[in-house]
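We just call them A, B, C, D, E and F in the order they show up, numbering each chain from 1.
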């Protein structure tokens, strides 16, 4: 990562930035499982939010907080002892918010080369200044066809969230 | 709750059931917060999943697992010391799955009568038999206008998830 | 809950209040058990204290802290996967302290309508002002025969604690 | 500790045994505190139960489980950074159960020689065989005046618990 | 990673393998700190062991367990809110054991491009078969000058551990 | 422990002090194990660091922080349910730092008199003043042959760490 910097060594918020990927790893232990020996869903959500937070904060160079979570799919069960790879990538930016896609892959023990996608989800964050007010975030640089496809997906995620909040308000 | 029972005292899975609400409470302590003293998002997701799990499992009378999470909105910040009320309610059932809506309300200390909605989200669960295969869940009884409105909302949540999985597959 | 309020929306401490019940729920996972697969006693004590804290704080509208714990009985074993309902109720108030009774019920999986009392206990709290000095708590309103029976039980709990502290001091 | 052993190296359950003390230590960190920076009561209860479990299990040489907790007094507040000494001692034995007294002392930082008693409580355990049935525990050897005074205190604790269970049953 | 596989898709243990690096990330929250707001050393050791475990297990394709830890240096303090990058790399293999070097870098918030090495350490693991007996591990492929320098460093780490165990035995 | 005190009841830092031992105990529960039911190495490192911290802080009477960890050997596997005794002892002091040796012994259930050394390690701490600068620590009093043997071992540990930092710097 080579972020654009101003003369003080802090990030320029009006800069354009590439969306490099953040990857973390977890190992499933008994403290993470439910009583049938599979990963407790809440623990996975917590891990996904943490890596999304890391990607969001590193991209912005400032404190960010989760404001919404969309479309988390649990595709295959995860079991005690499985190794997990969590990939987080900034896919969309607006003025003060950004969307992070998180993909989780699992590998069972004994370890083979077979790695399977187990979870996917989208986390929206906003950057906050010291008074807790939203502040501008860097603009995502779109370089490849994949960048543009994901940006468009992120835009739909945001749009859907917005329409849901309007229609589902009690 | 007075669930329909068969002669063995276990729940009849083909019964119709009312969607009673499960309410649980949490207190925000330093172990739940990030470094700016507000609740870590992943912790809230974990708490929401737990109460949804409780509601889902009690409704079905069998083990259930999270399969997707939709539309979680973080409306107001939650801080160290806040008291939380988490409300989970079954709003939709299909043959082997069900949708739970979770609403979280927070009250700040010193405690007043002012309680604010802080989080909302939808959790889809499936019921599993002993071999880990999906099994039939009870049918949600729709009695009031609100029951029907929420059922329709749950149906849209499911539909949206289905269309997302089709279009967003890599 | 519709607490008596003064004009500032904060609770009037000299008011009389009904003792509504706080119910919370837990699910027993491997992280909560000892090596024979039953709930670790210390974890249950921690859960009971948390719901008592919630009930005490909501009743007083102010910060409260545990000062003593009496008569906790573990009646039936609780196992991995059990669903728990924790009921906390204010049963006694004095000038600056209050007694909370906590009853825990467990339901085994697969879920039936059979729910069993597993734990009971009494937690005494005091309300503290901003300097950490005891402050007045609302008075418990006694309306039913049950209210009065429990108040009398709470009085005995307090009396017993007092006599124990006198006689057992080293 | 030099427990009486039979020829297989396991403890003879019909033996008489001295009540040696078990001491453990904890340090209070932010993860253990509530939002006003003092130790969360539930955490202390959990620590007290753990040291009582250790003392009970070592005395019996077999698995034991908590069956009741009596008379826990929180005498002085414990704060972030305090060092704790937890002393557990078997003070009473009956055929299948035993009573453990736990005293907790705290020392504040910067460390001086001043150590204050912060918590006291009594934990009753029963020993279980492999089928979960109560089994005989060793008999406590009473050698000093203090041993006898504490045994008598333990007897009162048991008696009180018994009378409470009779009278307070709902 | 493209590990050598046998016809069953499991890793061939007699293969030579490259030492690819495993990088994971953590965020320091209050639950990880001591009472002066810096990271609790034990938490860092636990995080370092987890990433070393991940690297060791992925390299071997089998269960591995920690057998010794050498030379962990804490160079700069880590504080609440810091972002951490943990790098683990297999640097040495013997017949049934392997040495993992772990380097930790920290970045403070607000985020700049300045990343500092905060911790380094060496973890030795052994691979175990289903009966808990040591089993053969793949051989580390040495391709670059850096590979050979680190291999030699790992050899010294092992040698030092061996001599310590001989001389320091009580 | 009867530390040398000055007239204010705080410890005199220029005093000589005996190296009394701190012993604490842990019980291994499922939350502490990996997926094969043995203790997770990172958890043990965390427990060893905590007892070393306690011993170091009590000896100095001031806040201390871990600066390096040397030579931790895992000798025998520790399993779910095992009882652990952790012994920490100050073995070496320099002007602003001190070395703590930690030995861990395990006893399996059902409990016999057989206790086995499972882990050993060395933790170096420095004492810090309120500004986070190193400050003087008390001098270790060497009274027995064993005191002197351990002091010499601690000196080698320090020397080795120093030479490693010089030669292994990247």
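By our rule, a contact is a pair of C-beta atoms (placed from the backbone, for glycine too) under 8 Å apart; a residue touches a chain by one contact, two chains touch by 3 or more.
Model, not experiment: these values are computed from the prediction.
Path length between chain A and chain D in the touching-chain graph (shortest route): 2.
Of all residue numbers seen at the chain E-chain F contact, over half occur in both copies; the interface is built from largely matching residues.
More contacting C-beta pairs link the chains of A-B than the other of the two pairs A-F and A-B.
Computed centre separation for the pair chain B/chain E is 40 angstrom, with centres defined by C-alpha atoms. Between chain C and chain E the centroid-to-centroid distance comes to 46 Å (mean Cα coordinates, whole Å). Separation between the centroids of chain C and chain D, computed from CA atoms only, is 22 Å. Among all residues of chain F, those that touch two or more other chains are 27, 30-31, 36, 40, 50, 53, 63, 109.
In summary, the structure contains touching chain pairs A-B, A-C, A-E, A-F, B-C, B-D, B-E, C-D, C-F, D-E, D-F, E-F. Chain B contributes residues 1-3, 5, 9-11, 22-25, 27, 50-51, 53-54, 57-58, 60-63, 81, 83, 107, 109-114 to its touches with chain C in the complex.
Those residues of chain E that touch chain B in the shared complex are 27-31, 80-81, 109. Touching chain C in their complex are the following residues of chain D: 36, 38, 40-43, 45-50, 53, 63, 65-74, 77, 120-121, 132, 153, 160-161, 164-165, 168. On the chain B side of its complex with chain E, the touching residues are 30-36, 40.
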